[in-house]
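Next come two complexes, and both contain chain A; in the first it sits with chain B, in the second with chain C.
The block that comes next holds the complex of A and B.
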């Protein structure tokens, strides 16, 4: 029986039969369906996914006419950052990096970012960021955002003013842990309201809230409140809200946004909250299981994202990178896997961008 | 390379602006920009067509062409072309208006 080159979720190359690949597609999809109750992939879609995965060419791509918009996270840190950010470690300036993305890499949009890529540390250097935004806006043509993670973990001890819920829960101080999360959500929203409109006043086309809910449900609620405030103050600004994972962790457990408990929400539910807050584009995320195959991970990701796109009233830019969107969790993500995942997300999940 | 429009190599920047400013999904955003350019949705992602058109329309190209508008100047032309407002252009007009 013929076998096909494919990958595991950690990037390792393996050879699988058609039967093994199709079984993994069905199992990956079933996992998403069990978790989030998303609709079945059709027999045609399963066959289409198999054809993409088993394509004999190293690089695949979407058919002409199916191209989508590419948005970015982490800005110039993909050049300047260390390997913690999967950066190249090249000390290039932010202006040069932005223009290289525009004119050499064919970026549809790009963004300015702080080295710590979080809302909180931007506050003390907001004037620097505004000046850099003004300068780059005078030269760049593509939509140029400011990007940062809400990263509410920075507001908990030992880095911030509030008790750390993980420590408090270990001491069975549940109410204190919940209160710390609520205070953090409000603080984060205030910081977004302080930082984001200033960048917009400096010419930013918009703001990218990246890796939202990385610190759980209170992080998500704080971000949604911040987005709401930004939308109120800057009605025409572009807002991209991207997530950290397929399910929001219940660090608080019952914190709500507009009457909805956000813990445990999946992409097709998260997007409705993003719409209510005033986001223009939503970025669903599905994390990769390194012990499963590319087929399993990609089918699972496509199932989650397809449902999200189906119910969304705003465009969806799925997060695609090492460890998300079906792509293996490997710093130098194999190009064969990256391009297969891109094609599947565009042509099966019908995303508006990546 | 696998799925992106290619930014100012084609019309990716303008399609992105329609997604973000009007919440248009990809198909509608491409149709909107294509109509404004007098092209099809397929053609606005074609580098061969868009390279010369962008040069003619003075909306920015990827190569270093002397005297070709870049930055705010190109974006002001884009505003008129696709009937949208761009924040940095609005600020530029505000700070340079006659007082």
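The block that comes next holds the complex of A and C.
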């Protein structure tokens, strides 16, 4: 029986039969349907996914006419960061990095970022960031945003003024933990309202909120409130809201945005909240399970994202990289897997961008 | 009896402390033994763990249910002692995010889940020195859980295992590893006993290995 070269979620190379791959595709879909109640894929889509996964070419691409926008997050850090920080360890300046992305790498959008890539540390250096934004804007042509993670973990002890819910909960101080999370959400929203409009006034074409909800449901609510404030102050700015994971962790458990409990929401529910807050683009994320195959992970990711795109009224740019979107969790993500996952997201999940 | 068992089970899943207390009081009035009450609540906690894993309940809810159980244990304590049923902790576990790494949330959720499952958890927090893990093991912890969220720090998990070997303590301790870049293959390569994809899986494996 023929076997096809594919991967596991940790990047390991494996050879699987068509039956094994199709079984994993069906199991991946079933898992997404079970977790989030999203619709199963059709028999045609399963066959299409199998064709993509089993393609004999190492690199695959979308059919002409199906190309989508490629927007980048993490700014210059994909060059300057070390390999534990999704970077390549190449010490180039922020201006050079922006121009390289525009003129050598074919990025459709790019962004300026602080080395810490979080909202909070931008506050004390906002004037420097505004100046750099203005300087680079005078040279770059593609839409150039400012990007940062809401990262509300920085507001909890030991890094910030509020008690750490993880510590408080271990002591069964549940009410205090929830209160700390609520205070953090409000503080984060205030910081976004302080930082983001200033960068827009310095020429930023928009703001990318990356890895939203990484610290749980209060992180998500704080970001949504911040987006709302930014939209009110800068009605024409472009706002991207990308997530940290497929499901929002319930660190608070009950915190709401516009009457909706956000904990446990999945991409097709998250996008509606992003729309209500005033985002222009939503970035769904689906996490990779390292113990399962590429087929299982990709099928599951496509199922989540397809449903998200279906219900969205704003464009969806799916997050595709190390450990998300079906791509294996591997420092240097294997190109055979990266290109297959991207093709499936564009041609089956019908995303507007990557 | 069956009604009271179900009431205890339901009260734990509803995760409200007063509701759990009321169900325990009713069960006692109906003549259920302390052991039977704890078993029924334990079944409820297992379901709470499943609902947590499926994203239907969240950490504060799990903790609230655990708080209800903890209060019940205090109430039932004298009867348990008299009957000789007093349960002991499953094992002492030292938990921490390895040195150089400040990612805390996943490890903390894992610590809490282990605590709810009856383990004596010594959570050292984040950026924990190798020597601090070793010290806790020397002082009696028989399990060691290490989290790493970066490819640059996951090697510390291997380092701690090597120190345990060098100091002749490896066979006395169960080593658990987890974190975004960590995989089963990596856990096997460095000689860890348990790889946890998430907090629930880690807790299930820890319970299985200590049963």
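Just so it is clear, the second predicted complex is superposed on the first by the 354 of 354 C-alpha atoms of A that agree within 3 Å, B and C clash if a C-alpha of one lies under 4 Å from a C-alpha of the other, contacts with A are read in each partner's own complex, and residues count from 1 in each chain.
Keep this in mind: a contact is a pair of C-beta atoms (placed from the backbone, for glycine too) under 8 Å apart; a residue touches a chain by one contact, two chains touch by 3 or more.
From a predicted model like this one, the values you see are computed outputs, not experimental measurements.
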item: Partner contacting more residues of chain A (chain B vs chain C); value: B
item: Which of chain B and chain C A:267 touches, first, second, both or neither; value: neither
item: Touching partner for A:290 - first (chain B), second (chain C), both, neither; value: second
item: Which of chain B and chain C A:240 touches, first, second, both or neither; value: first
item: First, second, both or neither for A:28, with chain B first and chain C second; value: neither
item: Which superposed partner A:326 touches (first chain B, second chain C, both, neither); value: neither
item: Partner chain in contact with A:107 - chain B first, chain C second, else both or neither; value: first
item: Contacts of A:281 with chain B and chain C, given as first, second, both or neither; value: first
item: Doubly contacted chain A residues - partners chain C and chain B; value: none
item: Interface residues, chain A side, partner chain B - complex; value: 59-62, 64-71, 102-109, 137-143, 200-206, 236-240, 280-281, 313-315, 338-339, 342-343, 345-346, 351-354
item: Residue ranges of chain A in contact with chain C within the complex; value: 9-10, 12, 35, 82-85, 153, 164, 166-167, 169-170, 172, 174, 177-178, 215-217, 247, 249-254, 263-264, 289-291, 323, 329, 331
item: Residues of chain C that touch chain A when the two form their complex; value: 54-61, 63-64, 66-67, 70, 104-105, 108-109, 111-112, 115, 121, 123, 150-153, 180-181, 183-186, 197
item: Residues on chain B engaged by chain A in the complex (per definition of touch); value: 1-10, 12-13, 15-17, 19-21, 23-26, 29, 41-42, 45-46, 59-60, 62-63, 70-72, 74-75, 78, 85-88, 91
